[in-house]
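Input: structures, listed below.
Presented sequentially are two complexes of chain A, the first with chain B as partner and the second with chain C.
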Partner chain A sequence: MKRLLSLLLGIAAICVLLAFSANKLQSTSGDSSAKVLNLYNWGDYIDPALITKFQKETGYHVNVETFDSNEAMFTKIKQGGTSYDLTVPSDYMIEKMRAAHLLKPLDKSRLTGFANLDARFTNQSFDPHNRYSVPYFWGTLGIIYNDQSIKPEEVQHWNDLWQPKFKNKIMLIDSTRDVLGFSLVSMNQSMNTTNPAILKAAQAKLNRLSPNVKAVVADEIKMYMTENEAPLAVDWSGEASEMIANNPHLHYVVPTEGSNLWFDNLVIPKTAKHYKAIYAFLNFMLKPENAAQNAEYIGYATPNKKAKALLPKSIRNDKQFYPSDRTIANLQVYSDLSPHTIGLYNDLYLEFKMNHH
Partner chain B sequence: MTHRFKLSNLYLFLVFAVLYAPILFLIVFSFSQGDSMSHFHGFTFSHYLALLNDTRLIIIVLQTLLIALLSSLIATIIGTLGALGINQTSRPITRNSILSLNNILIVSPDVIIGASFLIFFTALKIPLGFTTVLLSHIAFSIPIVVLMVLPKLRELGTSMVSAASDLGASNGQILSKIILPYITPGILSGFFMALTYSLDDFAVTFFVTGNGFSTLSVEIYSRARQGISLEINALSGILFLFALVLVVGYYFLNQYQQNRRLKRANREEDIL
Partner chain C sequence: MKSKTNNLFYFIPYGLWLLLFVMAPVALIVYHSFLNLNQHFTLDNYITYFKSGTYLMMTLNSLWYALLITVATLLISYPTAYLLSNLKHKQLWLLLIILPTWINLLLKAYAFIGIFSQSGVANQFLTFIGIGPQQLLFTNFSFIFVATYIQIPFMILPIFNSIEDLNQSYINASHDLGATSWQTFRKVIWPMTLPGVKAGVQSVFIPSLSLFMLTRLIGGNKVITLGTAIEEHFLITMNWGMGSTIGVVLIVAMVVIMIFTGESKTRGGVPK
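Right, the complex of A and B next:
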């Protein structure tokens, strides 16, 4: 009994100590007064130095919380009970959140620096006239190749992947829309098609790619490619830039005939409370020097024209991640499809994966 | 005979090697100068320094430990009382149905428990954060504690308790002098099980975190989109070392107490 009691007291004491030190740390890392901003972001998707700078400049304390998928974020916001002021959904999710009335429209009169953004990346189909969202980062889907065994001219287009000589050499990112999507583009079809016949044809074409596909994998694809496990892969530009940083033999190509163009945009969810802080933060992130610093830290492409001009030449002129105007004109943004069509996409994709093994 | 002995040793060694190799691999790379786990680039402490400067991560670690300790403490108290209550029920049907209800909570998927908590808390308009995480951790830990304490109570049986009451012990005395000391090992193992469950829970916690409050598993999982930095390796190394020290410390403490008890018993024998 005595032993149990002393254990109980000991643990309680440790708890008090922990609570005290956590509180103390929190108050030293920024003042915890009412001037706060709750940012709900992807994990490690902002330069921490920028948060510190923002807190110093404006006096707002930023609480960062993180999520790992659009769907998870959607659920948390929809359910309520939180007070997130800003979040960063991808394109199709913005459309979905808008339809579900989860977003608050932007007050453009309070935004400064919106004109810094490249007009090619504003006014997209998922958010006409940017009534709800400010572009944060953008990127593409493309082909990664290893120059030790593949010549650049061999893989400039999606159809090149079907060549018999690439038997068992390609790794695909495990993503329904992207894998079916590049098959659709290779057939000159829209990546947002809802026509079952066209989708079936795209799947049939994918099945013919099967002998060339070594594996369909998720995040591990980065590791496999850096380790030279396969000479070819289909993946997103953000992932590609990381692979290239770790293995200089890798290169990234966005096929000129078209591909996916994705966005992660800042939006104000309906749970928002601290409007002054929100606009201060949006304007802070729209400033060219801050956007450039963030782009250099994250390694994704910035939609901020003036920020891009501030980036080092080697990044700014990199055709892999800032493709030519002609290619950009052919890129397609995913739209939010009906649950029925999404089900069809998923079924066809699953069949393709089952066929493969 | 000796041959079989060696083979079993080898088997044991292999099992432990398989269990510990990934952790050691992780820790070794926390000292690498590179940014990924693909190649070792030479020795450095830089990831540990980065960890020390990452106030956000340290706050999250402290919060995680706080939640784990506090929730398992409260769950242990409630669970032990619950086990005592279940043990008291005389009708087997009542007891079995309460036990089944208890076990269902253990086997049902975390995702479902988490989602139902989220709906529950938001329906009650409780803002998500420390309180909700604490409450849900307590809730999913209680059944584990009950399951750990109950066998010890069964083992105790009724003879000791009746003997004590025959000799004039009050209910309070029976509880504090007979029952609790006897079931202490069960309570402790229940506490530690609850602690480990709480520390590494992701699914339930993910749903009920909010408003700036987060735990380590949620944070690490969210960081995985960008590839996990070696800072996380450094943190894992420290936590592993911490756990190791705790276990070894607990072992020696136990040994020490047992020795003392043995010595005391010997002395009493000598006196007699």
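Right, the complex of A and C next:
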């Protein structure tokens, strides 16, 4: 009986401890006191030096928490219990969050420096007139090749990937919309197609690409390409810039006929509390010198026109990450499709992955 | 009377555990599997599963690879366990086999990427002996190899224990009565260690059914199992209903396997 009592006491003690630490954890996931800003960002997606600078300039303390997928971020904000002031969803997710009433509209009168942004990257379909979001970074989907075995002129267009000589040489990013998307573009179709027949045709075309596909992988693609495991890959510009930094033989091409144009924008979720700090931060990040410093650190393309002008020439004129106007005109932004259509995309994509042996 | 309440008290921690971490999650999965994207009650998920060739193919694929992994693991583990039980410092050797299970699965997978890649150790060796570099990653071989490597300790342990329990006098008796080594193995050792083999098969086959990380990291998504589909439904399409349906099918498959490999009490078996 005595042993049992101590056992029960032990369990009770553990419960108290758990409750205490849960409470503690919850209070740290978003401090709600006055002079703070709770930033919910992608991992390693802001120059830490800028945070220090912001804290020094304004006196606000910045709490950064990170997420690794739009969906995870969405779920966490939707469930509540957090007090994030700013977060950084991608284009289609902004549309989805808006529809779910998870965003607070921006008060444009409190924003300074919005005019610094390139008009080509504002007023996008996912957020007309930027009522909810301030562009943070943008990028593309494209082809990465290794100049040791591939000549630049061999891979300028999506259709080039289907050449029989690239048998077992291509790595694809494991992402439903991107993989089906480039197949759609290669057929001159919209990347936001909802027509099942066209989608099936895009999948059938992908199945013909199967012999060339070496693997369908996720983040590891960077490591594989850097280590010359494959000479060709389809991945996002941000990932490409990291690979190129580690292996100078790699190059990135955005096919002129079109590709995906993606955005990560700053938004104010409904959990926000510190409006003064929020606008101080947004204005801070809109300043050309800060945006330029951030772009140089992260390696993604900045939507801030004045910041771009401050970047070193080698970055500013790099056609890989700042493609020509003609190419940009052909880029397409993903829209938030209905769950039914996303289901269809996903089923077709799974089938494609099953068919490739 | 007192001992009865005592027993009830003892059951509380286990009962709570069972309720919170076994029954509640399973009940939730079953519940979700009957919901469609609009959170309405429906049987559609199951109809989709059994009508679409894709999911059935995927199920067969999962079963096939799980079977290959289990057979490969068994072929390596049984002789190893047998050898171990005859060694002098068997506990030490056993510890060395268990040791890798202390390392995170993801780390082990990444280590194998390094070994199997184009410039990896394996290919350096192949080049050294004159065969030249081969494509090792993203092949069925490498997937089964790594999965087998990871599962081996879980197969060796139960087999080792059942061989340890084996009474040496039965083997001696078998030899004394004129049985050959092969006959002794087939008629005496194998039936008596079968419970260990069954336990090992259970603990290897069932997790192998839903491997999903290795299929991408090592298999390059050339091997697609039900685990991959569940991951996609929960994380990308956010169709938790369909994901749960696949989960329920997996749970049912596991129960079936447990029944098949479980010990049958009616047959009595070999006396210890």
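Everything that follows uses one rule, which is that the second predicted complex is superposed on the first by the 324 of 357 C-alpha atoms of A that agree within 3 Å, B and C clash if a C-alpha of one lies under 4 Å from a C-alpha of the other, contacts with A are read in each partner's own complex, and residues count from 1 in each chain.
Following the convention adopted for this analysis, a residue touches a chain if its C-beta (ideal position, glycine included) is under 8 Å from a C-beta of that chain, and two chains touch if they have at least 3 such contacts.
Here the structure is a predicted model, which is why all the values come from computation and not from measurement.
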TODO: Check whether A:Met223 is in contact with chain B, with chain C, with both or with neither, and answer first, second, both or neither.
DONE: both
TODO: Considering only the touch criterion stated at the top, classify A:Phe114 as touching first (chain B), second (chain C), both, or neither.
DONE: neither
Open item on the list: If we overlay the two complexes on their shared chain A, which of chain B and chain C does A:Ile11 touch? Say first, second, both or neither.
Closed with: both
- [ ] Considering only touches as defined above, state whether A:Lys214 meets chain B (first), chain C (second), both or neither.
- [x] second
Open item on the list: According to the stated criteria, A:Trp162 is in contact with first (chain B), second (chain C), both, or neither; which is it?
Closed with: neither
- [ ] Could you tell me if A:Tyr279 is touching chain B, chain C, both of them or neither one (first, second, both, neither)?
- [x] neither
Task: Which partner, chain B or chain C, touches more chain A residues - done: B
Task: Contacts of A:Tyr297 with chain B and chain C, given as first, second, both or neither - done: neither
TODO: Using the superposition on A, tell me which residues of chain A are in contact with chain B and, in the other complex, with chain C.
DONE: 1, 4, 7-8, 11, 72, 223, 227
Open item on the list: For the complex, give me every residue of chain C touching chain A.
Closed with: 6, 9-10, 12-13, 37, 52, 54, 57-58, 61, 113, 117-119, 135, 137-138, 216-217, 220-222, 224, 228-229, 232-233, 235-239, 242
Task: Of chain A, residues touching chain B in the complex - done: 1, 3-4, 7-8, 11-12, 14-15, 18-19, 21-22, 25-26, 28-29, 36, 38, 42-45, 48, 63-68, 72, 75-76, 79-84, 219, 222-223, 226-227, 242, 245-246, 298
Open item on the list: For a test of understanding, state which residues of chain B touch chain A in their complex under the given definition.
Closed with: 35-38, 54-56, 58-59, 62-63, 65-66, 69-70, 73, 118-119, 121-122, 125-128, 132, 176-177, 180-181, 184, 187-188, 206-207, 209-214, 218-219, 221-227, 229
Open item on the list: For a test of understanding, state which residues of chain A touch chain C in their complex under the given definition.
Closed with: 1, 4, 7-8, 11, 69, 71-72, 168, 171, 174, 176, 214-218, 220, 223-224, 227-229, 339-340, 342-343, 346-347, 350-351, 353-354, 356-357
